[in-house]
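The letters A, B, C, D, E and F name the chains in turn, as written, and every chain counts its residues from 1.
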Amino acid sequence: MGDGKKILFINRRGPYGTIYAQEALEVALVGAVFDQKISLAFIDDGVFLLRPGQSTVGLQMKQFTAAYRALGDFEIHRVYVERESLQVRGMKEENLMEIVTGPDGGTRNLVKVVSSVELMDVIHSQDVLLND
Amino acid sequence: MLHTVNKSPFEKDSLNTCFRLARPGSDVLLIEDAVYAALAGSCFEPAMSEALARYSVFVLKADLEARGIDSGDLISGVRAVDYSGFVDLAVKNDTVQSWL
Amino acid sequence: MNFVVVVNEGPYQHQASYTAYRFTRSALEKGHKIMRVFFYHDGVNNGTSLTVPPQDEPQIVKQWCQLAQDRDLDLVVCVAAAQRRGIMDHREAERHELSAPNLAPGFRIAGLGQLIDASIDAERLLVFGD
Amino acid sequence: MGDGKKILFINRRGPYGTIYAQEALEVALVGAVFDQKISLAFIDDGVFLLRPGQSTVGLQMKQFTAAYRALGDFEIHRVYVERESLQVRGMKEENLMEIVTGPDGGTRNLVKVVSSVELMDVIHSQDVLLND
Amino acid sequence: MLHTVNKSPFEKDSLNTCFRLARPGSDVLLIEDAVYAALAGSCFEPAMSEALARYSVFVLKADLEARGIDSGDLISGVRAVDYSGFVDLAVKNDTVQSWL
Amino acid sequence: MNFVVVVNEGPYQHQASYTAYRFTRSALEKGHKIMRVFFYHDGVNNGTSLTVPPQDEPQIVKQWCQLAQDRDLDLVVCVAAAQRRGIMDHREAERHELSAPNLAPGFRIAGLGQLIDASIDAERLLVFGD
């Protein structure tokens, strides 16, 4: 983990209805190779991005959210999900897509469900906030 | 009359406006991000249940599947249709209003 | 039955163009007629000839072009909206002395009257947007 | 007034933040010469379009809403404004921009504030609904 | 920290999310359609009044004027700034979060 | 102070590009530095050379070009977002064998690294979008 800037990518929209989250993921993956302290946050409809079981065969669009798992292969600090956003949407914490890191055994899920108050602290401790 | 809505009810007010201005007996079709309104257990379920007493509510199947929502996740009474069913709904009703 | 379809958003940023395309294709497959697809607002950006999307993503501009060719679809890009956003056919590019047109084959540029005309003549009008 | 189709243009967004209302007005003005029975409805943030006192000098954008008055010169049937949308936004009925018609004396304000239920009937009695 | 919001609170949830996640003491700047949130007498006034107890709330003057909102229409405590004031707010705060 | 400005929406449909432009101009007038304006998502459409908006409306593309020229501003259009949406410079148009480029003068096309780079080096980052 570099001593670079703390950069947080905030996702607040669901998948497929718009391209914002897909293109934001492309930025995050590029950012991950810059040796900065990168995190992602999923808030509001952004929590739908980590909903499992997505199949775009019928929609004939790219199922890009599978690529969130690739974040585990990079030096990503954390993936935060706001608990209040999940609750409002009837989403269960235990049903979120996992993003696993740690190639040599001892794997760890990067996804961390946090309260609004905890997320507030995360947001206010960043150097750069990117969102769309 | 057919009313289509394409916005998540957690993000935008479109579906609330549809439910305020669609006449009882109308068909309401949820497409794109609006399919999240049909998710059981959300804070929007009471509004949707109330709407189901007044409207026939449909959701676009491809949009459900893409968003990881299967039939077991739906509020009961909501019916899934494919694009062909969307066309049929547009044929069946004299006019179509898109609440964007 | 005779439909007119209105598309208000460009390719990729919003799902509107995909949904409109799927509706249009399905209606045609079921034997209905699409008298016109009218591209308004940012929808005019669907008419660009210059997209090169990644190969594993929808080729929505090409799909519209192909459908136009296969089914003799009338794809109309609104001239006023197109001028704001930089979509030009040969005639417009010449008139404004701009380098080169970027309107994709299968699309034509015309006025808002084409939307009103279609909404009068068609039996159903559907709007796809943001 | 022609015996053409009843076409309703529905405006649900405010001015300047997006161009939708401005371009929708362009359609309505074109539609007005086609001898159809044209009406407009202002719902949700669309009611802000008829708020008086707009000045775009500082914004350096076109103050297009002044052109709603031009509707009075055309054969426009009605301009409906939803009362509930006004109330939620703290807007007073008597403060709405007027759209006056009737060139030879006996002028009449086209703007009519209606309840949601009345507007429901208006919407359901149209042949074509255009919105953005 | 500076939080900017550009959406009408009657249309989208952005401002509510801002108020949920902005730390007390933050600066909040309403731009574009978000300036409608500062309108006195709307159903959003209670939320805004509560926010004013926790944040310094600013609105962009050019956006107010364009939308026909004058200083007498504003919820008291909200302060109007011009583009130069916007830049000053961005300079004064270490980070800027845009709630879109 | 050193800013980077991100623009996520195209010209005309949304106010984002206007607000970003006014912020940028004001910051420059106050003596600050704008190290880069990065156009992402539909924001890439600000880089088209083919707009002909009505004369009584903002000429936002030309305004960005002019500001770039006057102040030596670095206007970067994201290549991946631009390929999806049909914004091309000479090199890209040749590579894809497309008719002609449509990138306006004053803009350049580059990768997402330019956004990350800028967000690391600049003291403040502001996003303007929908």
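FYI, a contact is a pair of C-beta atoms (placed from the backbone, for glycine too) under 8 Å apart; a residue touches a chain by one contact, two chains touch by 3 or more.
Bear in mind the structure is a predicted one, so any value in this text is a computation, not a measurement.
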In the contact graph of chains, the distance from subunit B to subunit F in steps is 2
Among the remaining chains, which ones contact both subunit D and subunit F? C, E
Starting at subunit A, what is the smallest number of hops through touching chains needed to reach subunit F? 1
Max Cα-centre separation from subunit C goes to chain E
Can you check which chain pair, A-B or B-D, has more C-beta pairs in contact? A-B
Chain-centre distance (mean CA atoms) for subunit C and subunit E, in whole Å, is 38
Could you please state the distance in Å, as a whole number, between where the Cα atoms of subunit B are centred and where those of subunit E are centred? 33
Euclidean distance of C-alpha centroids - subunit A vs subunit D, Å: 43
Could you work out how far the Cα centre of subunit E sits from that of subunit F, in whole Å? 26
Which residue numbers or ranges of subunit F touch two or more of the other chains? 8, 12-13, 15, 22, 41, 54, 57, 80, 84, 125, 127, 129-130
In subunit D, which residues are in touch with two or more of the other chains? 16-20, 44, 59-61, 128-129, 131-132
Multi-partner residues of subunit E (at least 2 other chains): 6, 10-11, 13, 32-33, 62, 95-96, 98, 100
Chains touch one another in the pairs A-B, A-C, A-E, A-F, B-C, B-D, B-E, C-D, C-F, D-E, D-F, E-F
Residues on subunit E engaged by subunit A in the complex (per definition of touch): 1, 13-14, 17, 20-23, 94-100
What residues of subunit E sit close enough to touch subunit D in their complex? 6-8, 10-11, 32-33, 36, 39-43, 45, 61-63, 65-70, 82
Parts of subunit D lying in touch with subunit C, wherever the complex brings them together: 4-5, 7, 19-20, 23, 26-27, 30-31, 34, 36, 128-132
Which residues of subunit D touch subunit F in their complex? 16-20, 59-62
Per the touch rule above, subunit F residues touching subunit C in the complex are 10-13, 41-42, 45, 48-54, 57, 61, 80, 83-88, 92-93, 96, 98-102
